């Protein structure tokens, strides 16, 4: 399956760097978690997509990048970064074909995390299509995805507001373990998925 | 179906930013509304098209962009914008294949709205092929599209003048709810689809 | 069929701007007229072709552009224009596949009209393959094309000199309505298809 | 068939400009003559190939261009031309697929003629593959090609030296009409195919 | 099979230059060793991949390059190198199709070796997928690969930590011959695969 | 077959310029010799490959070029040449598809000969795959290739060291005619295939 971690503490390992988001996938044999890895190297503004991503998922990554670029100033990202960097998005496992629009929120989160240099929470997974203007659109497979998240030790899931009716299909055990955030916009994603900044203690000069 | 909103107030939400037009689509199971989203980021004049758009629809987007560029000065758009921006057009839902020339007027409207930074009316939907010189050409599926517009709470539809004979096929209920604008050129689109500018109250210095 | 106008006065409407030529097409159900639309926007010398044009027709457009470029000075076109413009050729209806070399004269005429900023006559339609050095080569379907031109209200048709033997196949009614120009070179096309320049009245200063 | 002229004086018309060579083609229904048209416009060194040329013929054109470039100085061609021009090679009839390496000598001759601005003889046709270093290699279909040349009024044919054994297959009538030049290198092509330069009469100042 | 050496001392020959890593491959007829060759020439930052590499393996090479670029400073590689070089990765035998993600660690090692200009150990072979952020992910075929390594005279194999459970499947004879290194990150690869730097003897000036 | 010369003295003709190597090919109907032609024209570092070369052979040419670039200084080639030239490799006969990695040594030899401006020996033919770091790897069809070389008047063949066991399959007649050089690296190729430099007689000034 899609790069499923064998040990729960692996999620912390996988998301230990800024630029890695935990997504949720639907597969014919059940839900799974997957990691969206984004990396930035000096370059000329190119976008590289690897991990056997299908056409819809590639378009989703392009939309996520446009969204981050269009909101750069608001997010606190230096717009110059995009001209002087190449961005690479990879989704292990490398040999497993993946497709669909539902990783949009996770790709957006990975890119924002990378460019803000702020890690994403390792207890949090997400699914949701994004619109080009930043709305979160509903996706399928909510039940299977949420069950997989719970099984992998996740404690917070970010789901599209418009999938709220799917809550009733989620088994009680998973609902007890998990906190649910219902997403209207990609701003909601960052509000709940980025690790809190370390507190800055004011220095008092006496 | 094509990104159909589940709630009527969603159209306002979807079109709340400049650069989003409400189009009308024909599908084998009836008409539908769809949102054309255009976004602009710093760049070098590239055009990105996503949303599983077929070849005819991609060509239609290219024609709409040429049309906006050729009329930039007349529309009040700074021609420099095109050289220093990348433009991205996306049509949710990301996984749904879409094709055909009939979104031409909506793509033109989305681009003009984006570049004028003026929102489009959320009560208005449109269909129509465009010629490269700005004429609006007739399209099929008028009946289904108009019924879908009415069902989604739209109150004004913009249709090609040359589709006027199709008016008689539209059910009475839809005709009562809707105002019809018959389009000869893309200028007619903007005249009826752009939100009015906020009035500027003259400041009187006494 | 190929963007057939429903009303005769539509040809005037369609060709009301410089850059639009009226061509003649053969289809399995008879001849038709079609409009070649050319547009120019600030750019870097790119050529965009839309309207579901097949490979032969795309090559024909490339040849027409080379021909206009090679003759720019002779035609009175500023050669700098090609470096600082992108040119877009579109042939409505956008969803109808089109192919074949016989639109060569019309594409040449549309490009020359665009770059000279002189309109083409709305009473004139044309067919003919072009060679890269400016000769007009014979094409098929003359009878069907000429009948369609007559039916659309055209009064002058431009045909390849080497198709003159096909004249005898044209019905008497069409022959009475139409003037025929037999083309040897693309210079003959412009001589008969461009609208006359408005007369300049000499200003006499007394 | 391949752009066959209907009248013998057409060859003079077709080759009336520098940059047009008369080639010989083999088709399933017999030989034919075809015209290789080369044109040069201000540009950046691009090569455009049109006329429904197959992969082998396209490679042949690339080899011919490399050959002309590599010999530019020797031929008297300004090497700067290649950087500041785009070259377009077209082979009418535009809708007829063509392929094979045997037009190599004719493509070379068209390019050299174009860049030297010297016309090729209208009484001369040629066939022969070229090597990248300028040798002429043998081709098939000599009998059919030569008969077609004779039928079109050609009086001199240029054939690969290594096809000399095919001479015996050529009918007596064609052999009486034609002069044969047997080619070892592309220099032999130019020696026999370029029109003689006009004599320059010395001006005697008394 | 995949470029299998016929003599054991060939591995030393093949890896005698910086930039060549010894990988392990699974084939339907058993494991095999293969050489990943990386070369750098003056250029503009292009990546060339040859050796009939499938899509997954090509993506794996792109990820390895991003990883080396992102860690350049930490590894002691001048980041300027990437802009002024073209990098070529080739995997003999040239005619044998290869695919899969498991050469990730070996491609990373070859690139780091090349750019550090430090040779890789000729007694060491490796297998393992890489994540874009530098983790080593598990792969299949461990038993066959390790048996092949032993048969080729390798004495140290680098395997993903997460493949440790596969150790029990490896035959006793191979386990006796080989040292095993279990990889968590690509740093572990370099720590065990790079040849030790030659000792620098301090120069004592008396 | 693959451009087989009809006369033995043709090899001297074909290889009479620097940049042409004599390779050996295996075909279903026996071995054959083929000529690798390399040419250099002013340009920007592009590589053009023609002669209906398959994917493996194209990759082989890319590896040969990287190898020449990486060794330029050692070979005495000005590295600036690569930036200011386009290189074209062609393998007649233009219509014959060719593939496989075994022309690697001959492509390397042609490129080195071209860039050193030193001819290759016309009595010498070669086969052998190359690694990206300059090793010569074994190939198939040695018996057929060597017999063809002998039949074409070749007197020296360069074969991969690792094909030495195939010597016993070569017929006695061919072995008597031919000298065999067994190649370990591409340096061995140049040592035996380049024509000796003309002796420079010291000029004694008395």
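Every chain is named by a letter (A, B, C, D, E and F) in the order it is written, and numbering of its residues begins at 1.
Definition applied: a residue touches a chain if its C-beta (ideal position, glycine included) is under 8 Å from a C-beta of that chain, and two chains touch if they have at least 3 such contacts.
This one's a predicted model, so the numbers in the text were calculated from it and none came from an experiment.
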Neighbouring chains shared between chain C and chain E, ordered by label: none
Interface sides of chain E and chain F: same vs different residues, half threshold: different
Chain A onto chain E, rotation angle from CA fit, given as a multiple of 5 degrees: 60
Between chain F and chain D, distance of the C-alpha-averaged centres to the nearest whole Å: 31
Centre-to-centre distance between chain D and chain A (centres being mean Cα positions), rounded to whole Å: 62
Interchain centroid distance [CA atoms averaged], chain D/chain E, Å: 53
Contacts with 2+ other chains: residues of chain C: none
Ring topology as an ordered chain list, initiated at chain A and continued via chain B: A, B, C, D, F, E
Residue ranges of chain A in contact with chain E within the complex: 3, 6, 13-14, 17, 19-20, 35, 37-43, 48, 50-52, 86, 88-90, 92-95
Chain D to chain F touching residues, read off their complex: 45, 55-56, 59-60, 62-63, 66-67, 69-70, 79, 82-83, 100-101, 104, 129, 131-133, 135, 137, 162
